[in-house]
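Letters A, B, C and D mark the chains in the order given here, with residues in each chain numbered from 1 onward.
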């Protein structure tokens, strides 16, 4: 990363649970500074004043979006507000960093992508997990052939709460895994089936998604706001090796198994020949850097170098399309939805 | 259990992986004895001779099924042979103990049930897990109201292999969980959706099943023959308490959490009021008795007392119907199948 | 805690690894403020300026110790400097908060205690663990009789590094456990034996301490700077119940076992009758409050109310005596040292 | 292993907890058979009759020891009986397989060794752990230099009961670890210090042993009959790599860490330069064969080939000397005992 010649002024809209972390990380990026923080909630603004003594705060997003001194806007608000805020930011010539999921609908996502291209501005969707040491290490093991062809990705992402007001558990938790699979595999998502249940008259609090990919790759995501224990465990089966990723482990997040199976079909009905392989396990060291620090730095680099990030609007759109399909399937108790 | 006046003579058909355990357990039941062991494989018969020095062995099932000295037949063979063997046994006046899943089709199961009733004979389907200390303890916590209304049952039952020749992973592993849910809940199964993937041109080796029950209860079963690690973990969410059952733990298989959530809908769009409860965890002592010992003893008791077991043909039929529905849904990539 | 009428001005001497946490916590206590931060290292002072923009910093401890505006001094420096700094602070009428271990020798500790009493000033030794939710919960279970008479306390406190320049692993890590046992039991320490090894020509990096208490209570502490894994596990055996405390667990730090043994001596040589009890396990919820926040608040309260803290100089002295005895025994490869 | 020309007839004396396993394993060894089983307890003999239908049983050890048809005697009785039985067996020309610890005193051990040499008979002491896949794999990593020079061996071997009538917890549990260290290291044991406590007027139920070896190698063994949980964990620190061996893990018993520390002493008091290394973790596959099967086969081979086993009387004597020293130190609360 070069030294940036001009300072990038960032506005942060939304200072609730995640906004303070976004602001703190952007402010730590060399060549960046948080210039305005905006939130409708007076208590949040009060907190922002304490956290960033010299920084302007406001409850009026319009003034932020039209402020000539702002280069980029970080949108850290509920998903149903993303489109309107991002559209106004782009219209006013500002780059956009937006929380996942990108938008509420794929149509909105397409419009923002088109607008950004017309204005030559960058959109980055905050798929934070793609910047963790664990996911980067897994990607490396896909790229260098360690895992071999991927058979399945199976993730369990459950805990107690937090219940969201505006979305169900799938829109809340599944974007993480859908974005990770999108990042890991070159196979194409073909079809989604989803099921789940709402126990409190509102949004689903338990959800299960299966995505069929090309080349017999399958992904499954289990999300749940009603679990007594927190689980963040993913199994990844490859032709050559298999992987367990437990993100709650402090030290050994990834375990790579020299295990597998080879099957040769014989001629008779009972001639299925299966051979099993079982060998060592290996826990590669995973970088401990904070993902959000890397991601905010990358955003600043992309702006400085006028490069499109890999987690751009199109990446965000692919995840929104999967979520739309999952939602549609969920409402019909599993009818598969083609992509 | 009373002292049985007359000895129950058991024939065991099938002496492969599971048959020796069935035979050993039946032979240990007071008032029972294994009288014949039958298998087509000479090596299995050789093993049977060594394990049961005095007992008759044969490779001909017909002679077993028609033998006048046999009171009951334990059928421990592949599922596609169950119907024919069980029908012949019942026709010849013998009680039937049969491996799970009961039959290949629900029509077969119905015919066997009808035949057994006509002949006043007992059928017991070997849903062994229902006799474990863990499942019995969970059932007790359902019955006494400890858990409250059940929200969900979510099970992960994965490991490497053993690949079956004649069925997919759902028919192999899911009967355990489907039978356990059937035993635990009084809600009614309404609809099944399933997904999965076959990576080796044959039967599915990865499968996901969701069963919708009445009263907003939902069950999910994740089965996989391609996992690098063995997992046997079930989450059960109840209105009052939540449970984690890890069957691979030696000592603390069940953990009961005083955790939960209460939601009151307010009036405005944002008035969803959620209150969380988080308290102690409690691991009740679980009986360590061997499940199969209890089950075989119970079969003998049912025969002696002419009582129908709770894991009878009808229980077996309910599970076969779920499996049929899951299979049908799986083939269509998730289209829900009503029951 | 009442509202304090006058502000307590704290000086923090030592702003290395632990100093920033001490300063931050004191500054958050209602009625307290950090007024000066002192460190010999310019980089540390630079960091202090950034962390506490308005606060005076200095590299000269003398100016701090004689400053008329300072009410209390927090000494967060290597142990060999504690005595000199604490003595000067007390001589100048300042209360003292001092890192563990209190002093390098028991003679020094006695002198400071005497001086503080003469001057009517408070000394608090930073045995932080006594303010954790876990230790407070264990103490409660001792006090209310849940555990019954204590049989043993057995702690493993090992990890890789950090090697200290001035003390061995026993002076570095064992004070935690020795202070915890001192806090939990009313039995009296009678005798210490210790062993260990220095692998790098310097201070011992592996150490084992046994303390014999009255009433057949025994404590054992295993400390190690050369362990590949971090372990913070303590077993506590009581007459009625037994406890496992794993401080690295996020949620279930304490596990209480309804297990035990009762032995009645019969008459013959083989008449030892042992009965075992094995029942439920119970993980009580443990308060998640930060220990240092509670401790610094308590220090301010003790000053305001002119009350002696329970973790006062005498408590610090008891631990220094145990460390001195352990050191002496260690040098002789285990010869027991009476207290 | 060659085919043995003549059958080795084994007598098993002692058919309590461990005897049946010894008998079963010897009977499975090619070229061996259990010819007599002896126990004073009628219930044990009854059990032996059931387990070995055709085998002679007796309550009279003398008849066994003088029986001309017996080639070797397996002594599976309390330690205080070992000497008398082994001596008689050797006098009568029989090889001896004897439970650990070898004898109650080192003098007894020396006498048996001398007698066996005079008679050209083999003694094997049942240090079963030396035949486990885990210990053999660790030994391999010592031999091939993977671990580098050993710094320490630190074992925790605790659980609830079983209380022994005739020995304390050190004689019961510590022989395992002392034999393992003896097998792993070429350093020489120099000195032992031990501490512990008896809570029930009898034998110590909690014990801690430190053994100082040459070359700054140290071993520590923590044994406890009063622990609420079973722990079988050993840390091994080496100059190049470090190891955690958790014997209760089903699959990943050994974890090898690429972690370590290098220290260069500088010139000033603060010039201790420490560099830490932290890399991957690796769990080598461990053979799952039953240790006792390998050991009994090895005994038969040693007899057939007239070779002295590595776990011979001298190995047993080394462990008895360590136990004697530990016992002496324990009684004096830690006074070190030279070897």
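Criterion: a contact is a pair of C-beta atoms (placed from the backbone, for glycine too) under 8 Å apart; a residue touches a chain by one contact, two chains touch by 3 or more.
Because the structure is a prediction, the values reported are computed rather than measured.
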Chain of greatest Cα-centre distance to chain A: D
Given over half shared residue numbers means same and under half means different, the chain A/chain B interface is same
Chain B to chain D, mean C-alpha position gap in Å, rounds to 43
Chain centre separation in whole Å, for chain D relative to chain C (CA means): 39
Touching two or more other chains - residues of chain D: 229, 251, 278
Residue numbers of chain B touching chain C in their complex, please. 251-252, 278-285
With touch defined as at the start, can you tell me which chain C residues reach chain D in the complex? 151-152, 154, 156, 158, 160-163, 165, 191, 193, 195-202, 206, 208, 210, 212, 216-218, 220, 222, 224-229, 235, 237, 242-244, 255, 257, 259-261, 263, 265, 269-270, 272, 274, 276, 278, 329, 332-336
